Amino acid sequence: MKRLLIAAATASLVLTGSALADEKPDILKVGITTFLSGPASVFGEPAKAGAEMMIADINADGGIGGVPVEVYFVDEGAGGEALLAEYRRLVEDVGVDAMFASISSGNCTKIGPLAEDLKVLNIMWDCGTQRIFEENDFRYSFRTQANATPEMLSTVLYLLKTKPDLKTIAVVNQDYAWGRDSWAIFSTALKQLKPDVEVVAEFFPKFGAPDFSTEISRLQALRPDAILSTSWGGDLDTFVRQATQRGLTNTSTLVLPLAESSLERLGGALPAGHIVGARGDHYFLHPEKAGDAAFTSFVDDFKERTGAYPIYPVFHMAQALSALEGAYKKAISANGGAWPGDEAVIDAMSGLTFAGLGREVTIRDDNQGVEDQLLGTTVRVDGYDFALLDNMMMFDGDAITTPVGMISAEWLETLTPEFVDSVAFESFSHGS
Amino acid sequence: MIQSLRLLIPALALVVVALIPVFAPTTQVLLTLALAKSLAVLGVIVLLQAGQVSFGHALYFAVAAYTATFVGKVMGGGEIVVTLLAGAVAAGTVSVVVGLFVTRYRHIFFGMLNLALSMIFFSFLEKFYFVTGGSDGLSVARPTVIGLSLERGPFEAVLFYGSLGLVAAALFLTDRFLHSSIGQMMRAIKTNEVRLEYLGISARHVLLIGYVVSAVLCGLGGALMATAQGIVTPEYAWWIRSGEFVFIAILGGAGSIGGAVAGALIYESVRTYAAAFAADIWQMVLGFILLVIILFAPKGIMGIFQGLQPRAGSSRTRGGTKVEPAE
Amino acid sequence: MTERPLLETRHLAISFGGVTAASGINISIYGNRRLAIIGPNGAGKTTFLNLCTGYLKPHSGQIFFDGKDVTRVEPRLLVRRGVARAFQIPQLFTEHTVMENMLLAGAAASRRMSPFLPMTRIPERKDVQHILEMVKCEHLSDRPVAELPEGQRKLVDIALALALKPKLLFMDEPTSGVASSEKFEVLEIIAGALDMAGVTSVFVEHDMGIVERFADEVAVWNRGEVLFRGSPQDVLAHPDVMRDVIGEDA
Amino acid sequence: MNATLFALALFDGISYAALVFLVAVGLTLIFGVLRVLNVAHGSFYALGAYTTASIGSAIFAASFAPWLAFPLMLIAAIGVGILVGGPIEKLLLSRIYEMEDVLQILVTFAVFMILEDAQRLIWGVQPLFEATALNALGTIEVLGITYTVYQLIFLPIVAVAVLVALRVGLRRTLTGRLITAVTEDREAATSIGIDAEKVYLITFMVGASLAAFGGALASATTSVVPGMGADMIVLSFAVVATAGLGNIEGAALTALLIGLGRSFAVYLWPEVEVLVPYLIMLFVLLVRPQGLFGMPDARKI
């Protein structure tokens, strides 16, 4: 019953005689790159813990297609050379059947071409840069979650739906590719959807900055209606806490697309009334999963094991594992029940629909996953010593993802203010 | 006769390295990366002869890596001979300008000014992300090799043996340089700069020459690393990478140019396997190795190696190049 | 028609934190002679050498070498014009052998340096070998200088200066640190080498016996000034000198 | 930029400078006496922050009085200095004083690498945050902007107090005089019977405590995260080199310079903010090679 990774069984045609049965291996080996050191280990460690729990469950049920899964973790924090060298070693020496790489978009960019060279199934399980599949045509890499474009676009939509009178906005993002890219997408979309909003300040303090006092003073003087920050981890925590300590949260609405991963840590520091996103429909109190025993028991087990509720990297990991399982099932069934060849598994990934711990995700033709986006506004609720989400909206992934073959920047330019009302979404409130 | 004997052991060692991938094919890329790094370490060792340590040589590593990348982009893929050369020339050019400034300084100040400059470049690479790709860096297209477009397999083989050849040539030329009058004057800067001035020689000028040589070596290493890795990131200029070069120099044996290669090979192996098998504590493992080397074998791996052969050791320390603990 | 001095100072003055180390020194040094500088400790003898060799810059006054103004010229440029220097504490390259020290000087003197020609094979090798023979140190060629006794280090220090083929050599106490039984022997060698090389020299010395025997001329320093100048005999017979210098030194 | 903004930039700069000074001063003190540039200094900063935050979280969760946060910082800092700094000096650094400076720096680099992983093993990777001290002091409104009393008033006062205490301590107390003597002339001090080993140990522990104290104070305003020490080292190096190695008052002035430079950059040209410390360092060293207050050392020949 604790099986969690239920791959949506997709009906598939049995192509008789077209595939050769490979010998069934004793173990299915999976390599996972994740941050175990450095600031991004706030994502990497929970994801690793989640992977271990979920794989134990898979193996308890006999493994994938009857083959138990063995996992190898690689530290992305060890730097580029070590990561690539280790990636190769796992593929060439250890002979892993699939790789999950990675958290960092930079590492995904590095690994994409390498996976093509090594001809190994590469699931980009957490990285968000929209460029990957817009600028490359990969056969072996797939992304089992959304990318930056739908994540930012849904944030703009939520902001405009909840604050239709928005006049001014400022941004405080980390100074690295994600901070810059996400602002580029956000500001492009905002300009198209509500052209009269004025950007009053753009701050890009360096990654890992310990102090935002000066930026906060400046923002207090400017008093923008909303302040966007796509920061995460310690940087986000520091910014939010300093903003709250100095009363900035009383005068401006914070828009924090990644703050789902910081809610519990922030505790009382994040007051009610601010916008929080989750890079997908990831939330330990997912409004559609309240009665789902598998979901709630996983959340409880995870909390018990790690001391914290699962955050979006854990959910992303669940999606990656679910996709892997789904692809093998699909390929096995396409192969008449016999163990499939490596290429057959790759073929099975295309068009695959699967679900991790949220709604279903579908892999498109360009290997990009289409995932719905959940955002909400913080609310203080008895029984939790940290902020929860209320006034949630779940946006339909198809409508907000850049169409296959288009570049995000160009697609966003085609949007008009009418788009805000045309996008399908569902609303949920806390406890509903 | 002595000269040829002196070259015999390094030559044998290179042959051994050349044979490793034949027996363990998957080590090839790791070895290529280690060889690229060893060029940068060689650069650091050149400066160490003058008693100066730069905690910012990653600057030249990064300058060359990015230059090679941009030249490759402009050429639409590029030719490896051209991109490597462009990287080395860029590193050399920047080092002349920077060198004119930093050669006024010695010891801690020298080290820290280099550190500051490399950090400025690091911040620059992160800031100007529309040009440099920010912290995600830029991917490097696979260049042609003397006009030939190669598949991954042959390209990696060519790159490995090419790097080996490049390292062999660099070792030979650096050895000649260090034994030349200018090279020996570098060591004179370390022991008595006042006297050098009273011989009518500008210590700054000598140090500048050594600085440029070391930057070019670092640059070659950086351009090679970018090509082998297929990506450049600002991390190429990060201060911890400069520290790593110095670390490897000491690990290998700062006095001996062969130590650059020995150190880089061992360091890369330890680092890679530590990251794989002790993912939580690989930094700690490296830290302990460094402590053990400094406290118990300050002449590094080459020192240990020479210690095992007293005869060869004593004949080499004389005209050669070694760093002793200060008296 | 008077002979033009090789080196001439005019009103040379410097002070350190209120202590005057040179207060308007006027002195002319003529070619092919050995001038000894004597005086009590703190009289400014070494300061004078430091000024003449560019290590210190005077606060006022001028220095002329070979008729040209060389005030404030850097040591290494003065060296190239022909002013060399030996030191009270020998300044050697302690990680090199005697021969390598000399080769460095030889390479420096010619300033033609190939980055790939081993230093051991530079054409100046013969010249520096000859100079080592002049200071009777040829048998020490392969010894690391760090191992040598002080007397021999002094000789190598002077040999380094001579390898530059200077016109004028300043020596700061060439026999200090040398056992008194060997002082005459060491200075004998130095004097012989200087004569052979035809180098004019100025040396600071405390030992009156040595001054008497090796100096052509003596200048007496006191409180940053030239108190008296003359032949060794005249100087040693001078009552003020006896009181201020010898009295203290004896 | 009007007068109000100028004043705001000034306030922000001063409070940032206070923290930078507290960290840098320990580095410069250690360098002045031991002549070792301590790369592990950033680790002490991080250890101070981690210790304070983790103990703080535990005791305030158990409803101890908030004012305890202040003595806690001091105790944590001194504890780190003595329990971590002490053994490092005694077991490692004391064996390398005769080595080249390259090797000395590398030893501290190795310690830095080890401590980085040690922090992760002990405290994990999740950011810690403990702001009881800051919340206890409340906020103050200046020119329409809300500041925390902790950052605007308390930190600068602590920085000035540390500066004064160091000055007085070094000049008036016996230990201070011994430290000064060793700083000025190591050989002479040893020759008149000063126990240099003990002076080194004490200085290192004081320096490490200062770094840890900086971390402890910072922990109330910022997330305590893995890798927080690495950035602090580079910044402290810049301060110390600009000031002149070993110069305490210089470190204070340079910290102020860098703090103000940084906050004015945020107001006027945010893109160059990260470069400010390095640009100040380069500019100063171009004009004064030995740093603002450093003494050029001439070799006796």
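As written, the chain order gives the labels A, B, C and D, with residue 1 at the start of each chain.
We adopt the following convention: a contact is a pair of C-beta atoms (placed from the backbone, for glycine too) under 8 Å apart; a residue touches a chain by one contact, two chains touch by 3 or more.
As the structure is a prediction and not an experimental result, all values here were calculated from the model.
The chains that touch both subunit C and subunit D are B. Considering the contact criterion stated above, the chains in touch with subunit A and with subunit D alike are B.
Chain centres here are means of the Cα atoms, and by that rule the chain farthest away from subunit A is C.
Among the chains, the centre nearest to the mean of all shown protein C-alpha atoms is found for B. For the pair subunit B and subunit C, the distance between mean C-alpha positions equals 43 Å.
Between the Cα centres of subunit A and subunit B there is a gap of 39 Å.
Note on chain placement: the centre of subunit B and the centre of subunit D lie 32 Å apart, centres being C-alpha means.
Note on chain placement: the centre of subunit A and the centre of subunit C lie 77 Å apart, centres being C-alpha means. In subunit D, the residues that touch at least two other chains are 116-117, 120, 271, 274, 301.
Touching two or more other chains at once are residues 87, 91 of subunit C.
Shared interface positions of subunit B, defined as residues touching 2 or more other chains, are 123, 126-127, 194, 280, 282-283. Contacts from subunit D toward subunit A in the complex involve residues 4-5, 8-9, 11-13, 15-16, 19, 116-117, 120, 124-127, 129, 131, 134-135, 139, 144-148, 151, 218, 221-228, 231, 262-263, 266-267, 270-271, 273-274.
By the touch rule above, subunit A contacts subunit D in their complex via residues 36-39, 41-42, 44-45, 175, 202-206, 208, 210-211, 213-215, 217-218, 220-221, 233-235, 237-238, 241-242, 245-248, 265-267, 269, 308. Across the interface of their complex, subunit B is touched by residues 31, 37, 39, 92, 95-96, 98-103, 105-107, 109-114, 116-118, 120-121, 230, 234, 237-238, 241, 245, 271, 274-275, 278-279, 281-282, 285-286, 289-290, 299, 301 of subunit D. Every residue of subunit B that touches subunit D in the complex is listed here, in rising order: 48, 51, 53, 55, 101, 104-105, 107-109, 111-113, 115-117, 119-120, 123-124, 126-127, 194, 239-240, 243, 246-247, 250, 254, 280-284, 286-288, 290-291, 294-295, 298, 323, 325-326. Residues 53, 74-77, 79-80, 84-85, 87, 91-97, 100, 103-105, 107-109, 111, 113-120, 122, 142, 144, 160-161, 164 of subunit C are the ones touching subunit B in the complex.
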